[in-house]
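Below you'll find a set of structures to go through.
Look at the two complexes coming up: subunit A is in both, with subunit B in one and subunit C in the other.
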Partner chain A sequence: MSEPVSALNGASFDGTVAVREAGLQGMITLRGDLSSAKMKKAVKNATGAAIPGTREIAVSRESAAAWMSPDELLLMVPYDTAAEALGKIDAALKGEHYLAVNVSDARAVFEIAGAGVREVIAKLCPVDMAPGAFEPGTIRRTRMAQVAAAFWMVDAETVRVVCFRSVAGYVFGLLCDAAEPGGEVGFFV
Partner chain B sequence: MLILECPYCGVKAEETEFHGGGEAHLKRFGPGSSDDEFHGYLFEKVNPKGVHFERWRHANGCGKWFHAARDTVTLEVFGTYPAQTSEPPQDIKDKISAKRPGWSWREFA
Partner chain C sequence: MSTRLAQGGRLLNKDRTLKFTFNGKHLKGVEGDTLASALLANDQMLVGRSFKYHRPRGIVASGAEEPNALVGLGKGARFEPNQRVTTTELFDGLTCESQNHWPSLEFDVGEVNSKLFARFLPAGFYYKTFIHPRPFWKHLYEPFIRQSAGLGKPPRRGDEDSYEHFYAFVDVLVIGGGVAGLQAAKAAGEAGARVLVMEQTAHWGGRAPVDGGEVDGQPVDKFVDEIVAALEEMPNVTLRNRMMGAGVYDHGYVLGYERVTDHQPEAKGPRHRLWRIRAGQVITATGAIERPISFAGNDIPGVMLASAVRDYAVDYGVSVGDRTVVVTNNDDAYRTAITLKKLGLEVPVILDARASGGGRLAEEARQMGIRIETGKGIAKVKGGKRVEGVAICAQAGEGAVLEEIKCDAVAMSGGWSPVVHLWSHCGGKLIWDEAQAHFRPDVDKAPTGDAGEAFVIPAGAANGALDLAGVLADADAAGRAAAKATGHSPKSAAAPVGKAVEEAAIEPIWLMPQGAKVQLRMKAWLDYQNDVKVSDIQLAAREGYESVEHAKRYTTLGMATDQGKLSNINGLAILSDALGQPIPQTGTTTFRPPYTPISMSAIAGEAKGPLFQPLRKTPMYDWHADNGADFEPVGQWRRAYCYPKRGESRHGAVNREIKQVRDSLGLLDASTLGKLIVKGPDAGKFLDMLYTNMMSTLKPGRCRYGLMCNENGFLMDDGVVVRLDEDTFLCHTTTGGAEAIHGHMEEWLQTEWWDWKVYVANVTEQYAQIGVAGPNSRKVLEKLTDDDIGPEALTFMGFKDITIAGVPVRCYRISFAGELSFELAIPASNGRAVWERLIEAGAEFGVTPYGTEAMHVMRAEKGFIMIGDETDGTVIPQDLGLGWAISKKKDDYIGKRAQERKHMADPKRWQLVGLETVDGGVLPDGAYATAEGTNANGQRKTQGRVTSTYYSPTLKRGIAMGLVLNGPDRMGEVLEFPKVDGTVMKAKIVDPVFYDKDGEKQNV
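Right, the complex of A and B next:
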């Protein structure tokens, strides 16, 4: 079997914040009735996390469950365990109306870290990044310049961004450009 | 700038996060309808100056379709509501009446 590689092979850039491609991440798109007991059990079995509330992300050690829409979650697990997690979901939801797909290789993940992360995101997305308006625990699907992306704050100075693998190079370029030294705005300071 | 609030995920964002889907509450005419009915369904849109009802999709967000009631001149949004309805809900109509007394749009007022 061929060796899996992430979209940009761990590319990185040091600017006003540190930008790096976070590497391989197991991801499962799960759609169905998020209020059902079976769904709750399936998510718990696969990730250890509870079903997140609207626009929230629930983290449990190496895994997480993120709210994508009223009938969709994005489950994140270590890359090597995605197939196993998918098996647990299929077992827990047998007979239910649902859809679960391993999309790990269809996505790219970036991590930006530093005091200026709010500003870097605010330059690229139509989202209020003011402290208090966006905080860790929230996930936001939005537009990053010209492509769809989602992001959440791991902590006050770390943001993770997910996008389609086909636009990984474009998103990396955007993040680097927004983090270019000399381009500080200082709005959130 | 047009600011819309998605009724499904509660996100309030400017219009570039959404995609406009044209006039809302269209009555569809398909096989079995007359030429006039089909022509009207396809081409006769109201495009008013003032109160208007539209379909929007939260394209770069939760992906859901919803409805918006707004003023095409001022860009004021009276409200947004889920797509699973064939007419504007009463609370939206009340809000419009409070701000634009005597308004009408197609068969609604």
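Right, the complex of A and C next:
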């Protein structure tokens, strides 16, 4: 079997922050009644995480559940376990009205790391990145320059960005441009 | 002459010399200079030529309001026109050139012309003179005017610098870093609000350090140092200088324009940064701008605002002249006289237009021995390229000269106008302050937010508080109010107390002398940059331009790059006088962002070069690029149009690709096709409403081609619908339709059928999709899979999950090329690998990748329609012979009702047919078939048009599809299609299916 390859095959750049394509990430779009007990169980079974609150991401070891909309979650699991996780969801939600679909290959994931990550995001996204306003545990689905993106903080100096696979090159270019040395803003201190 | 003084210059570091050039002349300045102060230090009084008359012009102001001193700055990719020298910080190696002169700044032909013809160029001259005869405008007048008009020249090369945006969110945004802005920030910051202060210059404190005064018993400049230090210590306060508040918009949205490296162009980092700010409250502490006085010759180089003369002396140690006449209608200008005198310069006379004269500052000047003439003004300024003297007259008279005084500079002050621009941008209203003779914010009519609450607070001079005590008290209150409005509790600390010399009242002077005759009024400039004089405004009023907005456009008052910062109030006062109405009744023109011009590149931000637009790439994009693909844009995607071999034309490549598919085997990257999962118990019912066909009857495991119309009945998308299981459908859309159709589905589900149990997900990018087409397509797949894909196991319009090269693949047996063909949906991360395996395995069949053009031609040979070719938003499926795809059994579907309306059911709607050229040539795209006679407009009548046209290498002739009146009933008839070159092509109406009418090729 040929090895799956992520959109940019692990491209990286060192600027005011380190930018790297994080490689393949298992992802499942899950839609349904987020308040139901079965849904809670399905998410727990698939990711180990609880149902996240509005604009939140619940992390459990290598997996996570992220809030996307009032009836949609994005579940993240290791790439090669996506099918297995999907099976667990289908089993838990049998008979319910829901939609669960593997979108692992539809996306690209970037990790940016360094003291300036808040600034790099604030150059590209209309989001308040000030400490206190955006912290680990928060996720935002928004616009990054001209494309759709979502991001969350892994820790105080690390942000993960998800975008569609077809625009991975564009988003990588945006992040590198925003991390160009000399462009430090000094707003979040 | 202007020169650098031995002493003074509080902003300078005289130890560091900076070299620069002006019109090729090598000059020197020092660190801390603006380009304006450096030019003046080199006695460069003449800096440009005016827009219309090419009059010599010098520096008038010291800040953002400067109308005259615009230069072309930099060279090559860094050339930028219309840069104000007063806001350009000097750096080593700066090069600039003056604008709007020919052949040289010193000798200009345009000026000679204007001296001969000036009386022919009053307001509205162009409108009146050049309107007849009509053709003369385009061929004679406009080219001539364009040659002589205009300011800066556009750069010839692309911009090589980088730019960026930055999104910031604050409680309180303070625009202006003068004492008002600083105090407001402190008051808001101490209450705990998140505060951002922006100042357009490189320095804090605004005018206060130049104008003097005391705060809490210490000099104001010391107060500025201390408050800046205090604010820098506050973690919730951010100070940014070299950053202008460009515009205030709805809901507290503000644009800040930060000039990051303009002053050090070799430094790393972006040149400009556009801040896109959301603020809870906006404080406009934007100060005030001094007004010129309208007297004859007020545009001669050396005539300057009194405050600017003072700024150049105090801030930059530059004297504008040895002998400076001060002319004023208020006390503030006395400060200039006193400052100059203290520096040892001559002030021959202060002309105070007020009969009663000035207050304590006047007294101080008098005690210093300066001659003061009250009730007097300037009849005219003597001189050409620089001031040589002034003729004095009585302000009350008509300009009879009482005395002439030699001087080389004139410092004028017509009073101060608060900078109300940012207050006004989003709807803040103004009131006329009679006592101070200016418009100031009407604080009861502020710009309002979504809940009707005020979100802008003016502070300090921008609010009409012109003395230091008033400024500080007002600013402190503004800061507290803003903090309170954003949910913070202001502290009870006392505001600092300012103390300045008491001043006598201003007396409005709109024309000097008040009875000036027309010869003087014709030389009394209002708008320096656009060459508008007092006489022009008066003429406009006489001709009926009573609205200030009309008068502005008729005369061009305030329409230049400075947007009338100096001219507007004087102009509308003249207009009011001419109309015999009070100033508030005339009102102001509209203040629009940006406050001063901002760079286009800052607006673009990062969106230039490779980041100009997102390019969407399929998983196989790099393979295509490596294998010589000639790409075409399809929305934001880049798709291979064809794959030309060395020396092969596009046309040749397309023909070769088609032949190879028809004869053997080809591969198409179809990954861009939209793929939407529709799931739920009501999914079938939902798709029956969305598609014209019946989809609920589709069996799991089967595919069906479907048509989708909008509410108006027009065909908007098509594609193959797959039923994956009882509850789940996969809808393929066109490449361009994926996002729009997804949105269409969500809209109906969320707004109309919210109780239907259906979920939709867009999985377009999850799959790389490969079209495998041609007689050998099954053979190549059989080489790579152990699964049975034989004619019985996988029938036409069926699908099967198989494994290819170890990768799970969904294999559809569908055809768009009219050959035996399959489409493979592969997880995108394996897309390129499977593609490469197919290329390898297909080698024995001479496999070729084929592009979008070959795909288009082959579908046209089969008579398959293409959304966007056969449809254009006005075409319904019935027009296209697609009645078979419209279910008669369904009660309803989106578009059904519209299609039943009279016009839509009209048998005279043009219908789809094939067109076969008589001579075998290719019809031009979009060509019309003519009919007999002409319409009401005298145009030839038409009876059809070409929708798709190609050369078919299979049939070795031109083929086309088109919409023709009664087309299907007219088989065999020959239509005429006139071409642009005047010749006519003939084409026979035929069946649109040109190739393999019975579908034998695809059913094997």
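The rule is simple: the second predicted complex is superposed on the first by the 189 of 189 C-alpha atoms of A that agree within 3 Å, B and C clash if a C-alpha of one lies under 4 Å from a C-alpha of the other, contacts with A are read in each partner's own complex, and residues count from 1 in each chain.
FYI, a contact is a pair of C-beta atoms (placed from the backbone, for glycine too) under 8 Å apart; a residue touches a chain by one contact, two chains touch by 3 or more.
Note that the structure is a prediction, hence the values are computed from the model and not measured.
J.: Between subunit B and subunit C, whom does A:A46 touch in the aligned arrangement: first, second, both, or neither?
T.: A:A46 contacts neither subunit B nor subunit C.
J.: With both complexes superposed on chain A, which partner does A:L174 reach: first (subunit B), second (subunit C), both or neither?
T.: second
J.: Applying the touch criterion given at the start, work out whether A:V127 contacts subunit B, subunit C, both or neither, answering first, second, both or neither.
T.: Both partners, subunit B and subunit C.
J.: Look at the residues of subunit A and decide whether subunit B or subunit C touches more of them.
T.: More residues of subunit A are touched by C.
J.: Between subunit B (first) and subunit C (second), which, if any, makes contact with A:V159: first, second, both or neither?
T.: A:V159 sits against neither subunit B nor subunit C.
J.: Going by the contact rule set out at the top, does A:S69 touch subunit B (first), subunit C (second), both, or neither?
T.: In the superposed model, A:S69 contacts subunit B only, not subunit C.
J.: Once the structures are superposed on A, label A:I28 by its partner contacts, choosing first (subunit B), second (subunit C), both or neither.
T.: Neither subunit B nor subunit C is touched by A:I28.
J.: Would you check which partner chain A:R143 touches, where first means subunit B only, second means subunit C only, and both and neither mean what they say?
T.: Only subunit B; A:R143 stays clear of subunit C.
J.: Should A:I112 be classified as contacting the first partner (subunit B), the second (subunit C), both, or neither?
T.: Touch status of A:I112: no partner.
J.: By the touch definition above, which subunit A residues appear in both interfaces, subunit B in one complex and subunit C in the other?
T.: Residues 126-127, which sit in both footprints.
J.: Which residues, counting only subunit A, touch subunit B once they are in their complex?
T.: Per the stated touch rule, the residues are 54-55, 68-70, 72, 126-127, 140-143, 148.
J.: Spell out the residues on subunit C that touch subunit A in their complex, using ranges where they run on.
T.: Listed in rising order, the residues are 162, 164-169, 194, 235, 238, 267-270, 273, 276, 278, 605-607, 610-611, 613-619, 636-637, 677, 679-681, 757, 759-761, 763-767, 805-807, 827-830, 832-834, 837.
J.: Inside the complex, what are the residues of subunit B that reach subunit A?
T.: 8-11, 13-14, 16-17, 59-64
J.: Can you list the residues on subunit A that touch subunit C in the complex?
T.: Going through subunit A, the ones touching subunit C are 1-7, 24, 29, 31-32, 71, 97-99, 101-107, 119, 122-130, 133, 145-147, 164-170, 173-174, 177-178, 180-185, 187, 189.
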